Every structure is written in structure tokens, then in C-alpha cells.
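First subunit A sits with subunit B, and in the next complex the same chain sits with subunit C.
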Partner chain A sequence: MAAAQPATDEVARRSLSESVRRRRSGAAWEGVVEATIYATGLFTIVLLVGILFLLGQQGLRLFFEMDYPIGKFFTFGNAITDNTTDIEKFRFGILAPLIATMWVTLVTLIIAVPLGLATAVYISELAPPRVRLLIKSAAELLAGVPTVLFGFVGLFLLVPFVRDQFGWGAGGMSGMTAGIVVAFIAVPLIISIADDALQAVPLDFKENAYALGCNKLQAIWFVIIPAAISGITAAVMLGMARAIGETMTVLILAGGNSSIPEAPTESMRTMTATIASGFGNASAYSLLRPALFMTGAVLFLITLFTTVLADLVLDKQRKKFAR
Partner chain B sequence: MVFKRFLGKRTLLLALMVGLMGALLVACGSDEESDSGDGEATTPTATEASGGGEATASATEAMQELSGSLNIEGSSTVAPYTRLAIEAFEAAHPDVTVTTGEIGSGGGITAFINKEVPIAAASRQIKQEEIDQAKAAGLDPFETTIFRDALAIVVHPSNTAVESLTFEQVAKIFAGEITNWSEVGGNDADIVLYTRNEESGTFAYLEEDVIQKALGKEAEYSADINKQANAPAGLTAVAGDPNGIFYAGLGNLSDIPAGAVRVIPIAKDDSSEAFEPSEATVASGDYPIARGLFYYTDGDPAQSSDPLVKAYIEFVLSPEGQAIGEEIGFLPVN
Partner chain C sequence: MTNETTTTTETGAETNLSTGRMAGGGVDVKATVAAAAAASPKKTSTDQVALSLNNVGVWYGQHEAVQGVSFDIYQRATTALIGPSGCGKSTLLRCFNRMNDLIPGTRVTGTISVEGVDIMGKDVDAVQLRRHVGMVFQKPNPFPMSIKENIAFGPKRLGLAKSKSQMDDLIEESLRDAALWDEVKDKLDEPGTSLSGGQQQRLCIARVLAVKPDIILMDEPCSALDPIATLKIEDLMRTLAKDYTIVVVTHNMQQAARVSDWTAFLLAGEERTGRLIEYSPTEQLFTTPRDKRTEDYITGRFG
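Up next, the complex of A and B:
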């Protein structure tokens, strides 16, 4: 991954394309294929821009057409999804769902990152092949479980426990409860991607580390993890995106209080849950519809900026490591 | 490749961001309304406009030939009834398929305004601004009262210290003016408020016809309410929370096992006796938290151009249709 040697890579690529060209001389045909592949790649970007365009077009009507005050949208401390056309009566601000999403994501990351990464390191570097296979397939199975089942199981196992032991939120339903369950949704994803990254570290790296007298732990800590850092960061970022975007579980488990949550142990309603529980009310004429689109746009921008930020950080790390 | 050479990774990212920002700005300016459905007729199939001579006699004749499908969306309080009514209605008309959702009254009326369904079920009356929205969409919302229903206030079964509540106490509890059970004769514990979410007619009913009726027009729900997606979710929450309080239509109480929650008797005021919600106490006017249940259609269903809408509403108001409602605790309208 990060250890790619540009020189040999370039050679390999050139010789490959050389041999392909020699075998079929139809340069025009090759151009068509190349253009098609380029177009499919471009399609992703078109889709991305399209989504944001739709969200923005529908969402910004709230301020520019319906004159809902921008300040109120960003500072009002509740998000009541009434179907109304009356600006005075519409009490919707994005702050509360935004903070709720942040709490749930924070709890998820605190639990899922150490758990996921430790498991990935264990199965990639330490576990005997059999155990590795077992854990890896278990994680993959877990990743395929529909999230509504996580919500369901959480409701009947975790919620009573949290209520009786800690008394958090509304009868055990809180951002914390939801975050814990979402963590178990994110963990298999983190394991899978981080494991792939660790596996991709070239064998010479490890051999060199051992040759220099590293023990297993030192090799993992000083050589293997730094070498795989870009993939590991990607794993964490995707886990984070999963937490931000998770809907069903938080709808069931976070409690549903639409005002600003001051602590993760409170009952709350995240951005995704607000959209999910509000869109039935969002008639074409109401203020709610653009407000929910706007919420969606903010949700989208958050994930976009985290990904871009992560990419920039990665780039820096990669360069540092390449030296 | 050539592209790669002059489009470094960072430049690409930058270009992408600029593109997205641009999309946002363009979106600002364009204000085209891309909503579909305007101008479309509500009725997909109007094969025959069953002439309305003698209401019942001709109706039964016309019913023989009824076919097609009908969608109803709305109140989850009405839904248990609608499901039973549909069963009987479909049994009488084998070629007819009727489906119902239970997104909530607000959601049902919204679907009606958006012309997604011809009938909206509601556990509250349509609001003036919803009427305005419907009119703007070219619809003429017509209200058919199908039943009256008591709204049960439920608490955890262990919460027996609170013998009963008054109408005003219920209002104050949900408005957040009473926050501890000890203020109404219970244990010293904070009250945990569970409500339906904003799509629910019951949610709006309790704010408008209980909280605001008792405490004034400006009163509203406490900020600390925990909004549940549906009645079973709220009932389950209260069944597990010794300090919880929730409300649900009588028809919804069958969603969880009997005894899982305690239905609390309610008194009109300090000087009157408290009654449990039932058909009888609603009919006598003794139980104070009762409301109408409604179907909303485009214009009078008796004159509807959609024979299915006409036949279905007729069925609901017929003795047979009303008897089905009585079975689940609703009070017939006649």
C-alpha cells in the first residue's frame, strides 16, 4: 500500500500495457474501452454532485423561498417536525440533531476503534490460522446482519440493563445505548478493512523488522501498523461514516428527545432519526420538507468533509512514511 | 496517464469541492418546483360512476362489480380498526384490494395532500393550514367522523401509588409543569415522558386539546419528551420504565399483553370522580380525554367519482362496519 515502490510499479505497468498493445493492434478499440472506464469513474462524481445538488436545491428553498430565518435553523435548540407553513410555529433547528449525531458517533468510535483495530491486529498478526478464519468469518457474518435486528436486540437486552444499572436517558434509551450498539455494527467493518490493510504490508517489512531484533509486538507497533496506517485510517473513517449514517438503530435506541442533549447519557434524536421520523409529515407545501432536505445536506457535507480531511491527513502521513 | 499528470490528487479533490460548492450555489438560484402530481386526478380508475339513487339498495348491486385497489394511510390509532374493516370489506368484494399504513395522522394527511392516497385516516381534526395546503393541491378535504375514541393514559404496572389523575394534572405532566410523581401522590421519582412523534395525530391532539385546553393557548409539550416512532414502541418503553408515562388509543392497548402497562383513571376536575377509559365512559362523557376519529377524502365520499372510496366509507358507516369498531373499544358515531 503505502510501501509501493513507484519505479518498479511504473515499469510493471508499462510492460503490461506494452504487451497488451502488441497483442491487439486496434488502438481505436482501446480508446473506446479507456473512455468507457473513464466515464464509469466519472459517474461516481456526477452522482455525488447530483445528490448534493438535489439536497441543496430542495433544502435552500427553506431560506430563500420560504424565508425561514437562517439563524433560527442553525441555533434553535429543538427539532420539531411539524407539518406547518407558519414560520412562527415551525420550531426546527439543526443544532439538537447535530449534537445528538456527534454524541452517538463519539460513543461509537470510543468503543469500536480500539475493539476493531485490536481484533484486526490479532487476527492478522498473532492468531493461528484457524482462529483467524473463525473470527474473520464471524465478523463478515456480523457485517451482514440488518441493523434493525441490532436495534431490536439492543432494545430487549441492552436497554433494560442500562436502565437498571445506570438509569441513563429515557428508561435506558439514550445516545450512549445507541452508540454502544452502533459500535457493534461498525466493528466488523473496521476489522475487515483494517485486516486487509495489515495483510497488504509486504513480507520483507516484517522480515527486516525481525532481522533488526524486534520482537512480535515491536514489529507490529513500529513497522506493521505504520506501514498499514492509511488502510487503518480508512477503516476508522468508514466506521465513523457508518455511525453518522446509521438510522434504524438510533431511531429505536436513542430515546427520541428532540431537544439538545447535553450528555451522551441523555435521550436524543439524531439527524438520521429526525429525517426518518419526520418525512411522513413533510408535505410539498410545508416548511418541514426543505428543512429535512437541509438536514440531509448538512449530514452529507459532514461525511464529505470528514472523508476529505482524512484523505489529506493520509496523504501527509504517506509522504512522511515514503521518505 | 495524461490526466494524472496535470491533475494531482489534491487538485482533483479541490476541483471536486469547488464543483460541489458550485452545485450548492446553483441550487440557491434555481427555484423550480419539481413536485410531481400537480394536476393529476386522484382517482386512477373510475370505470363506473355508480349512480346514487337509493343509497343502500343500489350500493349493494354496484358492489358486486367492484374491483381495483384502494390505499389508506394515516393514524395508527385508526389502523387496528381499518385492518379489521378491510378484512370484512375484502371478504364482501373478492376483487378488491385495500391496503393501509399507520404512519400517523399527520403523515396520512400529508400523503393525502401529496395525492398519494385517496383516504387519510386521522385521530385529530385536520388543521387549517393542512386544509390550505390541500386546497392549493386542488383537493377539497371532506371529514367523515367514523368513531369516538378514548385516549388511555398508561404508566408502569408497579406505579400504583398514583391512584388517578385529573385532566389538568395530565396536561401539566406532559407540559413539564409537574415533573415528579410525588406531586401527584406517587413515589419520589422524576417522571419520564414518552410521547408519539410529530407524525401522530394523538401527539397533536394531546398538545392542542389537553395541554392547551387546560393551560392556555401558549402552553406546549415539555422539551424533555421522548418521541417514539409508534404506539407499540411507547407502550414497550412504559412497560419497562417504572417512572414512565405514555398515552395510546384504546385500540392500541391490544398491541402488548394485558397487564404490561397500567391504564390510569382520569377525572374531569378535582371535584369529580375518576374513570377508566371505555366505550361506556366516553359515551356518558365521564372520561374527559376522548376525541373523534376521522377519514378524510377529496369531497363528500357519497358523491365520490371513485366507487371504491364511496363503497368503503359506506361500509364503515354501516351497522356492520360500526360493530367492528365497537369490538376494539371505539364508540360508534350514531
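Up next, the complex of A and C:
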């Protein structure tokens, strides 16, 4: 360093060799913050593994401690939630709730995907700004309504109607009835996410399409939707996850029949509804309790599988449309 | 309205008003003009009018972005629109293919006619208009598809090619006209985005050429490109001007001087409303500007 420095108020200039070897004053604090953020990130993984562990540990007792046959669990066509310890009397298979869940999800997707995506395209690309704002706000408000209220609405509006008009399920309560109402729970979610994806398409894509003589529909179909496809796929996948995981609405509206439903218009009980309704009277030493945990484990694996599948699809799309 | 005019050609009036040296960059615009003029004699004759503007104004909601612009753009020539940022040159350009229709709250007043047709008329379909008035944008923007599909995009939507071989011919022709064929002929199925920036911009030009427009609008086509890619685009513009009417917006005065036959200078005042200050043959505008403000701009005193 300079030997004779004038005694002024100026900020001293430090030499590089002195400066770089010194520990910055904030270094310790930086370390703490970094570690905290790292820990919160790790927490999600711990939670994921923890859920799987709990479900597995509690559920697998059914086969390994209580000797309930694995084959029966996966093939028996009914899911009777009797609180029993007698293996002979316990008649519980996952097939019926699994198929019920698939029916409800199918009905939901058939209604919610076209409706949600069409609305998203409309508000994103076609609607005047005021209409767009109105629909978008309504969708976001709707997405925040507790699903049990959708159950009520379905019970008082849809159930009497389908009972009188079509005679579905148990007095109007069926997988179809539940699927229709769950669709209206999923639609706002799909609208909101798909709209965000469409809005994120760079304006110059759209302008280029129009400048080449495309009309609106051509620009939307051939340029805007392909460019937003990853977000649109995510919207559909989240809608699907919603349908698989929805509990309250299907508990109220699907009818509750525990046997295998052969058509969506039958009364049925999904995996989520089976767990929710059965858990209340499942005592600690009954066969029912681990059976419900096993059902939960299967449910968890299905959602995990769809999410991973969606990620793979998205990744592929992202690569294709990378700019 | 300010003193906008179309001019008569003054000859040999090399006035000694300024050195033509830009204050900041030290670039001699006059020298560029002279060099360009020597290389290819500029057309200054009044050919047939391709695009005619009469008292054109543009409003974005309550804001008047462009006011009272009138001038004629000639066929098979390149016309440059220059001026400082915010002078309304891009806004004006986007009127010519009614791109402003896409921005809610935009209103265009006055008349713009393309080959005698008032394109602001109620009976005019903007989608059809854009087939005849193509546009190249600032940022090269290939669609996320192959090179081939990028070129075929417009013709497919418009049903221009009757057969696959016709489409292939059209693709080759467009790429050749855009001086890109030799570089991409062996990788037509690779994504358009795999090309370099300059190649991407030529791809975008080829994509426009494929729909067979009469007029090509270019909105600062080289502002995202390096100097070498820029020169290639400029060469291309000069070649294309033999067959097409080109209108180019540019920030770069040397570029205007190098590529254009006519130049329009726009300027906005305090209220941010752009007006046409001067419209002249390029050589004249850069050597003997008639307006003091043009003089100030091209010599780099502002903007």
C-alpha cells in the first residue's frame, strides 16, 4: 500500500492483494441465509419421502402383519369398509375405488378440458379487454371457493335434475354427477393456467403470423397454441390432478356404492371418498385401517406417476420450442 | 401542420452547411451517401406510386402518436423512415399493413391508399391486405418449426401451392431470393432457430417472399444483428428493391443512406406527436436538407 497517505476524509483505496484475502463482513450472514434456503428446499423432498414412507409402513402391515392376501386386495371387486379384524369377513379390494376414480376423472376431463381451453383461448386472444378481465377475475374467484360448497350446489341443483331426467345412480347421485361438478371445479384452474401460458407467447410470434396473412383462427391454431403447448399441458395435468384428488364433492355426489362401477352413470365411491368415509370408524387394530393406508399409497403413486409423465412431456415440448 | 412536402429534385446544390460529422460517433453520413450513390445510381424519378398517404394521423387512445403525414411511396424503390426514438416511424409503418388493428384502442385517421385502394376503408379485409403488404420485424423470429416449414407456413395457410413439388419449388425460390438457399439447402428440416441471427432474419424475409407480396415493410430489420449480418441484409434489400417496393424503418442513418432511394424524416415534439419534417430523395436529404431540423438530426446534434 502507499506509504504516505494524506490524512483526509476520503475513502481509503485498498490494494487487491489485501482485499481479496480478507473475509467480507457479511460472509457469515450469507452462509446462514443460504443454508436456510437449502433446508427449505430439502424439506419438500423430505416431505415427499415421508408421505410415501408413512403410507407404505402403515399400509404394508395389511399384508405382512395381518396376512391379508395381496391378490385379494388388488383384484377383489368391492371395497366394503367394515371395521373388522377377521380376514375371512374383510372384503376389501382396491379395484372398485380405482375404477370409480377413473370414471370421475374421465368425465371431468371430457367436460373441463375443452371448456377450460376454449375459454382460455377466448379470453386470451379474442375477447375485448373488459370481458377478459371479467372472466379471468370470475375464474380466479371460483378457483378459491371451497369444494364442499360445489358439493352443496351439485346436491341441490344437479342431483334432482339428473334423477328426474336420466335416473342416474342412486337417486341422481353417480360418478357422472360428481364428474360434472368436479369439472366446474377444474375449469377455473385450467382457464387461469392456460390463459397465463397463452399470454406468455411472445407478441412477435403473433405479429409474424398475422403479417403473413393469417386470420385469427389460423394464428391461434398454428402459432399461438403450439407455442403455449407446455403451459396448456400443465393446465390439463393440474385439472386432472384436481379430479383424481377431489374428495368432498365426490363424497357428496358420487353415490357411495362400494362395488365396481361398470358405467359412469352408476353410484360409486372413489379412492378419496373411500378413505374419507372409512377412516372415521377404522379402529387401530382393524384390517380396515392399513387397507385405507394402502389405498392412499396407490392414490399417491398415481398422482406421482401422472406428474412425472407430465414433466417428461413438458420437457420434450420445451426443447422443441426453445428459442 | 408542419412543413411537410414532397420535393422537386435540386441538382448540384451541395451547400456547405455542415461538415456532416456526427457529434458522438464521428461518422460521416455524407461520405456514406456519396459512396452509395457512386456504387449504385439512385432513382430519383417519380415512378408509379405504390403507397399514398394523405393527412395520416394515429391515435393510441387519447395520445396522438402521429399527425398529418402526407407523402407518396414509389414502386420498386426503397423508402426509409428515419427519426429519433418515439417519433412515430414504426407506428406509421405499421399502418401500411394495418398491424395497428391488433393493438386495442388504436385509431388511424386520414387516408392510406395502396395501389389506389384506400386500405382504411370499411370494406377492406386486413387479413387479405397483409398478403400483399408483408412485414419483417426487428427481432428475427422464426416459428418453432423446421426451416422448410417456416417458409411453407404462409403459402400453406393461404393455399398458394397446389402440389408438393410446387411447394418445394416455392420454398427453394423464396430461399434463393432471400440469399439463404446455399447456406441451408442441406438442412431444410432443421429447426429455424438453429440458424444464426442474420440467417434467421433472412429466413424471415424468405418467409415473407413466399407469400408473394407487392410491398415489404421492414421495421428496423438489422437492429438485432451484427455488422456483417447487417451488410448481408442490406445487400439483399438492394436486390429485392428491383422487384418489390420496400419501406424500411431504421435508427441507423448510414443504413438509410446506403439502402434507400427516398427518405422520410419524422420528428416528435414535446407532446410526443410525430410529424413528417422532410421527404426527399435520399441523396438530397443527406447532402442538402431543406429543413434545419433535418440538418440537425443528420449531423448528430440530437436524436
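One rule holds in what follows: the second predicted complex is superposed on the first by the 286 of 323 C-alpha atoms of A that agree within 3 Å, B and C clash if a C-alpha of one lies under 4 Å from a C-alpha of the other, contacts with A are read in each partner's own complex, and residues count from 1 in each chain.
The rule we apply is simple: a residue touches a chain if its C-beta (ideal position, glycine included) is under 8 Å from a C-beta of that chain, and two chains touch if they have at least 3 such contacts.
Computed from a prediction, not measured in an experiment: that's the story for all the values here.
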item	value
Partners on subunit A (subunit B, subunit C) - clash or fit	fit
Partner chain(s) touched by A:33 [first = subunit B, second = subunit C, both, neither]	neither
First, second, both or neither for A:145, with subunit B first and subunit C second	neither
First (subunit B), second (subunit C), both or neither touched by A:251	first
Partner chain in contact with A:129 - subunit B first, subunit C second, else both or neither	second
Superposition-derived comparison: subunit B or subunit C, residues of subunit A touched	B
Which superposed partner A:171 touches (first subunit B, second subunit C, both, neither)	first
Subunit B versus subunit C as contact partner of A:210, first or second or both or neither	second
Subunit B versus subunit C as contact partner of A:64, first or second or both or neither	first
After superposition on chain A, the shortest CA separation from subunit B to subunit C (Å)	22
Residues of subunit A contacting subunit B in one complex and subunit C in the other	none
Contact footprint of subunit B on subunit A as seen in their complex	45, 48-49, 52-53, 56-57, 59-61, 64-65, 77-78, 80-86, 155, 159-160, 163, 169-173, 251-252, 255-259, 267, 269, 277-278, 280-286, 297, 304, 308, 311-312, 315
Subunit A contact footprint on subunit B (complex, rising order)	9-10, 13, 16-17, 19-20, 23-24, 26-28, 30-31, 35, 103-104, 106-107, 109-111, 113-114, 129-130, 132-133, 136-137, 192, 194, 197-199, 223-229, 233, 236-238, 240-241, 243-244
Subunit A to subunit C touching residues, read off their complex	128-129, 202, 204-215, 218, 222-223, 226-227, 320-323
Residue numbers on subunit C that touch subunit A, as the complex places them	97, 99, 102, 104, 127-128, 130-131, 134-135, 137, 139, 141, 143-144, 153-154, 157-158, 191, 193, 204, 207-208, 211
